[in-house]
Every structure is written in C-alpha cells, then in structure tokens.
Amino acid sequence: VPGSSLNDAFNAADFEALARDKLDEGAYGYFAGGAGDERTLRDNIDAYARTTLRPRVLVDVSGASAATTVLGADVSMPLLVAPVAFQRVAHPDGEPGTARAAAAAGTVMCLSTLATASAQEVAEAARGGPRWFQLYCFSDRGVTEALVDQAVDGGYQAIVLTVDAPLLGRRERDLRTGFAIPADLEVPSFSRAIGGRREATLQDMFKLLDQSLTWRDVEMLAEISDLPVVVKGVITSEDARLAVDHGAGAVVVSNHGGRQLDGVPATLDALPEVVDAVDGRVEVYVDGGVRRGTDVATAVALGARAALIGRPVIWALAAGGEEGVARLLGLLRDEVELALALLGCPSPDALGPEHVAAPNRHR
Amino acid sequence: VPGSSLNDAFNAADFEALARDKLDEGAYGYFAGGAGDERTLRDNIDAYARTTLRPRVLVDVSGASAATTVLGADVSMPLLVAPVAFQRVAHPDGEPGTARAAAAAGTVMCLSTLATASAQEVAEAARGGPRWFQLYCFSDRGVTEALVDQAVDGGYQAIVLTVDAPLLGRRERDLRTGFAIPADLEVPSFSRAIGGRREATLQDMFKLLDQSLTWRDVEMLAEISDLPVVVKGVITSEDARLAVDHGAGAVVVSNHGGRQLDGVPATLDALPEVVDAVDGRVEVYVDGGVRRGTDVATAVALGARAALIGRPVIWALAAGGEEGVARLLGLLRDEVELALALLGCPSPDALGPEHVAAPNRHR
Amino acid sequence: VPGSSLNDAFNAADFEALARDKLDEGAYGYFAGGAGDERTLRDNIDAYARTTLRPRVLVDVSGASAATTVLGADVSMPLLVAPVAFQRVAHPDGEPGTARAAAAAGTVMCLSTLATASAQEVAEAARGGPRWFQLYCFSDRGVTEALVDQAVDGGYQAIVLTVDAPLLGRRERDLRTGFAIPADLEVPSFSRAIGGRREATLQDMFKLLDQSLTWRDVEMLAEISDLPVVVKGVITSEDARLAVDHGAGAVVVSNHGGRQLDGVPATLDALPEVVDAVDGRVEVYVDGGVRRGTDVATAVALGARAALIGRPVIWALAAGGEEGVARLLGLLRDEVELALALLGCPSPDALGPEHVAAPNRHR
Amino acid sequence: VPGSSLNDAFNAADFEALARDKLDEGAYGYFAGGAGDERTLRDNIDAYARTTLRPRVLVDVSGASAATTVLGADVSMPLLVAPVAFQRVAHPDGEPGTARAAAAAGTVMCLSTLATASAQEVAEAARGGPRWFQLYCFSDRGVTEALVDQAVDGGYQAIVLTVDAPLLGRRERDLRTGFAIPADLEVPSFSRAIGGRREATLQDMFKLLDQSLTWRDVEMLAEISDLPVVVKGVITSEDARLAVDHGAGAVVVSNHGGRQLDGVPATLDALPEVVDAVDGRVEVYVDGGVRRGTDVATAVALGARAALIGRPVIWALAAGGEEGVARLLGLLRDEVELALALLGCPSPDALGPEHVAAPNRHR
C-alpha cells in the first residue's frame, strides 16, 4: 500500500497490510504465524464470519454506551489488549506505547512475561490505565515469584496465567526464517532467568519454563499475592470447571492465537461450553480472531464479559507506534458502539444469546 | 464490456457490469457496497443460491400470469422497486425515470426520503403507477411531518418506515473514496432539513435523523395520515410480532441490503421466522439479494407477498436511464412468469412452502 | 489439447475438452449450457461428488457383469444414451452414428423428437439395438400422433414423454451467441410441423409445442400405441405417485440437464424420494450429472434401474463421430464393471442403499 | 524449491515438494495419484482438517512419551510405515533404506509384495526393527505360499493381507504417462510369478492376482503360518465384524490411499464405525491422509492403535534416501510427542474420544 498512512487505515485488516510492509519477514511471520498448518489460526477468524447476529429494531439507542467493567474495574468497552511478547520487535514504542494507547482508550493492557520492557516501565507509561500481568511460570520458582512481586509493585490488577504452553507450539514460519530476538533487545524476565543477555529464540526461552504445572499450582499462585489469577488457555468445559474449583479469578477462552496446538477449536466455538460450565461463578473472556466490533458483540452475546485483541494491536503498533494503537482502539470502540446501537442494545449488558442465531435457525 | 449495449444485457448481473463501466468509483462503491466485511451483502445473494425449488409437472400453464396485489393494489408481478437514495448520482433520469419505468411495468415504485427528486416530481412521472414513500424520521419532527404530507399529496399509497438505521452503517467503500453528494444535486428532504444546500456525505445527512425512535413512533406515524405504515427492516420473529401489535400495515424483511450491520442473516433466511410470527395478519415483503425470477418465486413460496429489488434497478438506470430500468423490469417479469410456469404454478398464489426443498431433504 | 486424439481420452471429461476444441461457440454453448445461473447444471455433477460409497471386500467378483434389463430388454450395463436434440450440429454422423455406437455397446439409444435424422433412418442404423423415442407433444396433435406412429413403425420400444418443458428454459448462452439451427440441417419433426424448412432457434420450435399438457394426456398417449410411456422430468414424490397412477410405464428423474428451471434439485438428490414414492411399481431411471462408472453405481444403489447419459455422448460424437461414442461407451462400461467389482457386487442387482453412506454417517 | 535441502524440510508437505522436483512425471504421478477423480485421495486429508481436537491443560507432561505397542511389540510412537510398492523407483536406497530408517526410528516397516527388494534383503537391513509383510494373493497359490514362507523366514511379525484390490483401481495419471516398471528394476515376487523379468505395468502384475478371494481365504491364510493376519482395506462395520469372525489378527481401515475405488469415505470418517464393530477384540489401524502428529493423535483418540503413513515416506525417500526417511520419521515423532503434551496426554493410552470434538459440538 505505497504512500498509505495511518489515516487510510479504517479497520484491523488495513493495519495488518501496513505492518506487513514495515516489518521484515521474520518479525512479520513471528507475529502473524500459527502452529502447524495454521488451521486454528484461520478458524479463529472464520468462526466469527459464520456466526449470524439477530438485531432488534426501534429501541432508543440515543444514549448507548459500550462501557462495562472487568474484574470490577471500569473499561470503556468490552475489549482488552491481549498480552503479546516482544513488542519492541514491532516498533521502538514497544509495550510502553501500547500501554499509553490502551490507557488513553480506557481499557486494560495485558503485559507479557516476555515483554521487551519492564513491568515498572510499563506501569509508569500506563499510569491511570487498568493493567494486568501475563505470567509464564519458570522452572526456577524464584524467577516466577519475582515476576509476581513486580506485578504487585507495578499496580497490576491481575495475574493472567497462561496454561496452554507447557511446550512451545511448532510454528514453522519461525523455523523457516530462523527468527530470534536480537541480543540488543532487552527481555527483562529472560535476562533475569539466565543472569544476562544473548540472542535467543522463543524456543530457547521456553526451555526455562516449567512443564510440570498442574491445577495445584494455580492455587499456590493465588496465595503468593492478593491479585486474582486469571487462567488463560481453557477451551473445554472440563477445564473450565477445574479452573473455578481451583480458585481461578476468571477464565480466558484462548488457544494462544492458534500458535500452540493446531486443530483445536476456534475460541468462539469453545466459548459456549466454557460459559455453561463456569455458570456465572467467575468472568469469562475470549481471545483469538477478534477483528471487528461485531465480533466483540458476538462474544459478549455468547457470554464473554470481554474479548481480548492481540495481533491487530501489534499491526497498529508496527504501523504507527503508540499513535497507531490509539487509532486502532478508537476505530474498534466506534465499531463496538455502532454494533450495540444497531443490535438494539444500549449497553453490553443488554446483549444475550438471543442476539446470535442458533445454527439450526440458519438454513 | 466494450461496445456492449442494453440489448446485450440479459439478466441483472449484466446490468451491473454495464453500470460499473459507466459510474465513477465513488458512485459505484456507494451503490454496490455494504457494511463492514460485506458478509451479509454476499449472504443475501448466496441464500437464494443455496435454496432448492421443487417444481411440479403436467399442470396446464397456458394461461399463467404473474399478476398479484400488494396492499390491495394490482401489480403485474410480485416484484416491486425498492427505495434507493440519490438516483441522479446514477443517471440524470433519476427517480422520475425509475418511476416511469416501474409504472410502465405495472409495479410499485418506492421513493426514498433521500431522493434527488421531489415526491411531487416523481408522482407526476409515475402517474398511473402505484407508488410508496420511504420515510426516515428526522429529529426535527416538522420535517418528518412535511414529508408525510408530501407523500399524501403525491398520491403515494403507503409509508415505508425504515427502522434499521438509527445510525448509519459503516460502509468502508465510502470512507475510502470519500463519496459525497455534490452540492449541485438537489436532495429536497435534506435541503428542507438544513434550510439550504451544500455538499454532504450520507453521514452528514444521518446526523439529522432521530436515533430515539421506538415502536410508539410507529403508532404515532400511523395517526398522521391514512396511509398504511410498512415497517421495513424487521428480521426477527420478536420484532415481527411487535410490528403487527403496534399497527404496522405490512412488514419488509430487510437488512438494508447488507449496508447497516454486517453479520445479520440473509433476508431469505430470516423470512420464514417473520412469516410465522406475522401469521397472516399483514403482508410480508422481502428485499436483499433478489436477482432472478426464481428468487422472486422462492420468496413468495416461503410466504412473502412480494419481493423488492434495489441495486439491479440502479445498475439498469446507470446503464440506460429509464429505458434501462424498463428493459430490466421486462426481463425480470419474463423470468418470474417462466419460473411460475416451470414450477407448475399458474399464478403466484399457487406457490407454497412445498415448492421449496426443506434443508434436510437436501443430502 | 493440441494434437490429442480419441486415444488420449480416458474419461468423459477428456471428451468434453476435445469437443470444446472442435465445436464453434454457439454449438458448444448450446450443448453445454443450462438455464439461468447454471446452478442446477453444476449441482447435478456435484451431487455425485458429495456422495460416499461403502464398498464390501472379499466377495468373489471373478465372474462379475454389469448386464441388466430395462423394461424387460437386455442391456450390457445400467447406462443408457439419453435423448439429445440436433446431434448433426455436433458431427455429421449425428443420431445414426450415436445409434450404431449404442447398439454395438449393447445399450439403449433414446432418439429426440428434435433429431436431425428421421426415426426410420436411426432405426436402420441401430438395427439390433434397443431404442426408445423421446416425445414432445405439439399443439397440433396430428404431428404428435404421426411421431408416435413413426416410433412404432421404427421398432422403438418405448415413448419417453418429456414433461418438464411446457416452455423453453432460459438458456443465456444461446441468447448471447444467437445459436440457431441452420436451414440446411434437416429436423424432420419441425419440417413436418411447419410444412417446410427454415433457420430456427429452439425457441421457435418450442412455440409449436403444447403448454397445456396434463396427466390426462399421459393416459391418452398410452392409448395411442402399445408402447410404454416413460415419463421424463419428474423430481418430486408427488409427481412420481401421479405418474404411476396415470399409467406411466416408467419414470425418469430428470431436470432436463439443468436446462429448464435453474434452482431445482440435483437429480441424484431427488432420486430417493421418487424411488420411495414409486415403491417398485415401475422402473425409475435418472439422468443428469452422470460422468463416471461410480456415478452409475451410486444411482443404481439408490434405486435407479439405470442411468442415462447425455452431454458426454455429444462430446464424444463431436470428438470422433460414431467411433468417439463407441470409445466413450466402452470406457464407461469398463468403469461400471470395475465399480461393481470394487464394491463387492457381482451384478447391478447386488447394489443397494447400504452401499451409499447416509449423510449423517459422514462427519 | 531450488537449492533446498533436507534440512529445509520441516513437515511432510515439504518432502513432497522436494520429491516432485526429483522424480520424473510418471514416477511422481504413480506415487501421488489416486483413482478416478481423486475425490477420496483428497478427502483422506480433508477429513483430518475438519476434525477438531479438545486439549486439556495443567497436566504434568514433563515425562510424556509417544511409545506404545502394536500386536504386542514395542514401537516408539503410534505411527508405522505403510506398505508401498516399487520403492526403488523413488530412490536407489529403496525398501532397505526405508527399513533401516524405520528400525532406527523404532517403528514398524511394512514391506509390499510388490517391493523392488526381496523380503530377505529388507529383513537384513531392518535387523532389530519390527517388520510386517504385506501380501497380495496370486492366482497361483504356490507363489502366495512362497511369499508367506519368505516372510516367516525373514522374521516378519505379521502378514498384512490387502483385501480392497481384487482388480486394479483406475488411476488415470498412469494411463496418461504410460508408467511402467522398467525391466532392469527387480520385483522379486513378479519375477517368481512369471518365471523371469520384463517391463511391466501395475496392470500386468495385477492380472496375476486372485479375484475370487473370500473371507474363507483369510482363515486358510491364518493356518499357513503362525503369523497374525492383519486385514487391510476394511471400511465398513459389516466387514469389520466379518474380519474378526474369520480370524483376523488386526484390521487396517484403509481405502488404499484413494487408489482403488474413488468415492469411498475418508478413512478417518470410516474409523469410528470399524472401531465400534470390532469392539476391542483386535487392534485397529488406519492409513490414508496422515500428514501430521496431530493426525496421529486424532486417529488414536478415535480408537486406532496406530496410524500408518505411506506417501510421505516415499517423498522423503525420493528426496534423500534413507536419510530423508529418517528425518521425516524424526520430525513426525517430535510432532506426535508435542501433540500429546499439548493435549494433556502423557502417553497415547491417555487419548480418548473426549479429545475429539463431536461434529455437533462444532457450530
């Protein structure tokens, strides 16, 4: 898209086109790619495309608003920024830039354990904005506990524990490009774990993580701090029940953006069984494939408290740094508000399963 | 299609090809485009393509006719001309040209509030032809009432109230081309509302409309004049029931041609639940995706009293003005008549659900 | 396929490629085309592709044979040559060439009313081969009766009455090419009906046909001669029952090769409901979309006594005259025999519904 | 893929690309092709792509292993090397090379009757590796018995009797290229049967096989030696029951890689009905379409003891001889192990139907 600028980006797909232009193949492939044949990667998006909305008319929507709460905190819309690693690979603004944009948009920023900025630096950038800390557990429990301490110190309001990655998924784009994080890009958690810095692949970093985690560790983690533990990576009713039973503060229906095990369900398809199993005891979020305001409305109608968005944020960051992310989040908030209005819902709470067509209603 | 002419147009798709050649990108995109990812836009058409007809043989169809009635008025076929705004953007003949062609074809012309000709001018053009007036309610109720008065004065036989557009849908083609209505093209309702004329986008015009309409307004509107209020934009059984309960004179199953909320059902898919809910109390019409005589027969078989056709009329108007529209409507009437004969139906009233294969009959 | 010859044709699709090369656009389009958007044309073929066969193993098939009977007459396989009009447009060998090839292959040739050879000429060519006569009823009943008399005189063993064409389907390929039958190509039935010869389109010819035929005419036709009346063009259970009740000697499930009403079911999809309704009282045949020996086996497994094949015969005729048709029929007989053997069926009678997977067995 | 090497092959598809480059058209077409329109060939692969896995999280998988047993023998993973004929057409390393790689990978090599190496030669190559012998029954029972004797002598641990090929399927790629096995490539079983050697097509060889085999022959075969008779080519519940009743030692759900009867179900779709019918009395294997570790996990979850892989082994052999096969099997073992870990299964035995989404769970 030669000569195009942020102002020509009208939706999430436009930002991806801009980013593809700016990033080298390795970086683009790292963020864009999925595991195996990338079936789940595509299905995450397709699942929204095969869902049909049922709008109601002649409802007064002159005062409609997308505002809601997550874990009790106010957000401007039911759409949060998902944790994504290595954001300075996309743009020098990195995680602090994303955090500033999210705070300005009035929504949650989730910081990855594998961030290229420290939890403290991001906390300062996002001052005033709600923020959660995504946690990978290291085999060295000292490292893990230090990460939790930093999250507490930085005013993060939740620990988002990723549970679908005991081993790294097979992402063939990275194998082909040989993508690695250059040594001059700081990854504080990794440096702490190895006591220094060097060029490293994601595989190198994953070797430091704990493959033997069980539900008992969720309970232990909940005791380390007062922060709620949000379990991210649940896509079955069985695990949803276990999560609640073991003290999860919330659940994220996630397949790691199709980057771990190829062939698992689209998250939107898994959402109903998780929502049913959780049965209102904790909030349920969903990530993967969210590209439109109508996608957010669909997820909320099917029982999600909010959706999280990952790759589009990276494309916006790559395309225009903090300013890009700000524009993206602004467009998405407009889309969510418009979707609510055209569905006849003055607020997210008005959305329910009756706003989504049952498959058997569709001929 | 270089060198091709109206005589080379044998179906609705041919007219679109001709029109695409004649219109500039902004105008073509305005008429052709839909909201968001244009899923619903495509699905409106696909829904007909996935429907299967069950024809009966050895019925005497030597005297077959497509003639029927809508709201008690005679029409030559169960296919009406849908309201479409700004028709002089497509061709100087504009709405009066379309109205003359519709009258000559013996069917209803629906005039848009956002027409580029006055209700009076069109009434004169369509003299003898049945005509309905599509209404957007302005925040300034005086404007709205003046529009209704004009419709009454112009001999329009129904008010078609659009209810699926409290806000303007997000049509990205228009955002990309910057499509606007030039100041030298008169839009009488808009001029009246702002007390003058200027270049304006559709968004500018929608800002003047009332976002707080409710079913109570349908009742109030029914009291302003003696004209029946046809509620256009209902695609759920719930709203279909409310429409009848609040005095609607008829219902149009419509998703605004896929231009308002992307992801809503194809209108043909929504038709059965609306027909069931209305249960014969008022007539039900359907628009969106109708391109063939067999589509019209399908809609009628599933309970529609008639179908409405929008974009193809615009393509025909762009391709050849009034003459183009006349040729298109002639071709479509031939197609409807042929479809009836080959279905073994001497008239539209002979069509029923038994002429459409149930999904589960199709392997 | 430059330089390719009959010997390079290994299946029906190969013959179409050869024919497309040899025929001018009008002739190719006439034979290849269907009505409207050609949905049914495609679906006839797709229906076989979405059907799954269930083969049985370790059955002794060393003496397997495809031979069967239709209307009591022996045929070498459950595949007959369908009636197709104007075969000399495809190749000078015309209907007599096709008839000789069919007789040599040991199967039925159906001669079209709109043949470019007389019933007598074809009877002489097919001497020894079983032959049926396809009938269109003219408004002038004298013409119709003369055609039946010719069939009787020529030793034809059945009248195949086409019932799905009270009017000619809308075949846009012909409208675009202006395809017409040149005056120097004799169409005996047409010459008789108009008392002379002239260039004519199919539409011109159809204007001479009777649009008011009803089931009563089937009964009357059965009384004109001793030949059984095979009703061709039934695709619903309702009409299948009526056919049997009104004295049909057999039924052909046909949608006229997708050339009459677009949007009707693939014939394979309609076959089960017709077979159920007929309930063994007469034989049921099916045409449309048959391209492979496995398609023939599928049709027979679902209750057809035999399938009919039309377009591929024309492609073979165009590609190599009588010799082409002979090669095609030979290949297809080999395919049918192989399909039977690999399904574990020593003869067509061994095929049953258990050899086709129910849709719900397929995940 | 100019300049690419084995090290650039990261999955089965990569090996096919390399092989396509190296093999001439006839050889590539022979190995790649299927019967008829190759519907079943494609569906074998598609069936895995439309299946969804349900992974469980927070299971300790730090000690996970893919090891299992087949017919009581240890294998490193539930993935065996399928029998494929004429491997020296792909690479001079031929069957001995494949056998060495399989032995090194700790899994079963199945040797084809139509191998280009003797059973003895392969036995020596695979010393220490588990090996099975695939059997075609010749009309000359002496040849058949000699083959079984060789298998016994060579330490093969099972006879894999192919039952879906009483006649050779119609593989049009071979008809077009005229593919034949050159006279200078030894096919020991064929030479024995005709008492010499000459160039021959697969069709020539199949003419020597017995088309009259029945289930009784399975019983007789089981008596010739002590080896279990694995019946390969069963895809219905009826035949699965017959296999067990007639003494089969195991069953392979196979459609001969889509090379025999086109239109039969994908093997993965047939697996559940076979597993149900066998009801645990013997082990069930499945081949066809397996390309990924997740495919192996899917097959095992649905009741297969192991899957077999054919074409990818040939592509790897063509690409790099024994070394290529070794790399392929290594990659696949890694994939299987990763799939198990990410499904939350420490071993293949932990997989069950609950790890595959029921079709109706998927919207």
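For clarity, chains are labelled A, B, C and D in written order, and residue numbers in each chain start from 1.
Heads up, the rule we're going with is that contacts are C-beta pairs under 8 Å (C-beta built on N, C-alpha and C of every residue); 3 or more make two chains touch, one makes a residue touch a chain.
Quick caveat, the model's predicted, so the values are computed rather than measured.
By the residue-number overlap criterion, the interface of subunit B with subunit C counts as different, with under half of its numbers used by both chains. Using CA-based centroids throughout, the chain positioned farthest away from subunit B is D.
A separation of 59 Å divides the Cα centre of subunit A from that of subunit C. For this pair, subunit A with subunit D, the centres built from the Cα atoms lie 42 Å apart. In subunit C, the residues that touch at least two other chains are 51.
Those residues of subunit A lying in contact with subunit B across their complex are 8, 10-11, 48-49, 51-62, 292, 294, 298, 334-335, 338-339, 341-343, 354, 357, 361-363. Residues of subunit A touching subunit D in their complex: 36-37, 39, 47, 50-51, 163-164, 166-167, 169-170, 172, 175-176, 211-215, 217-218, 233-236, 238-239, 242, 260-265, 269, 273, 359.
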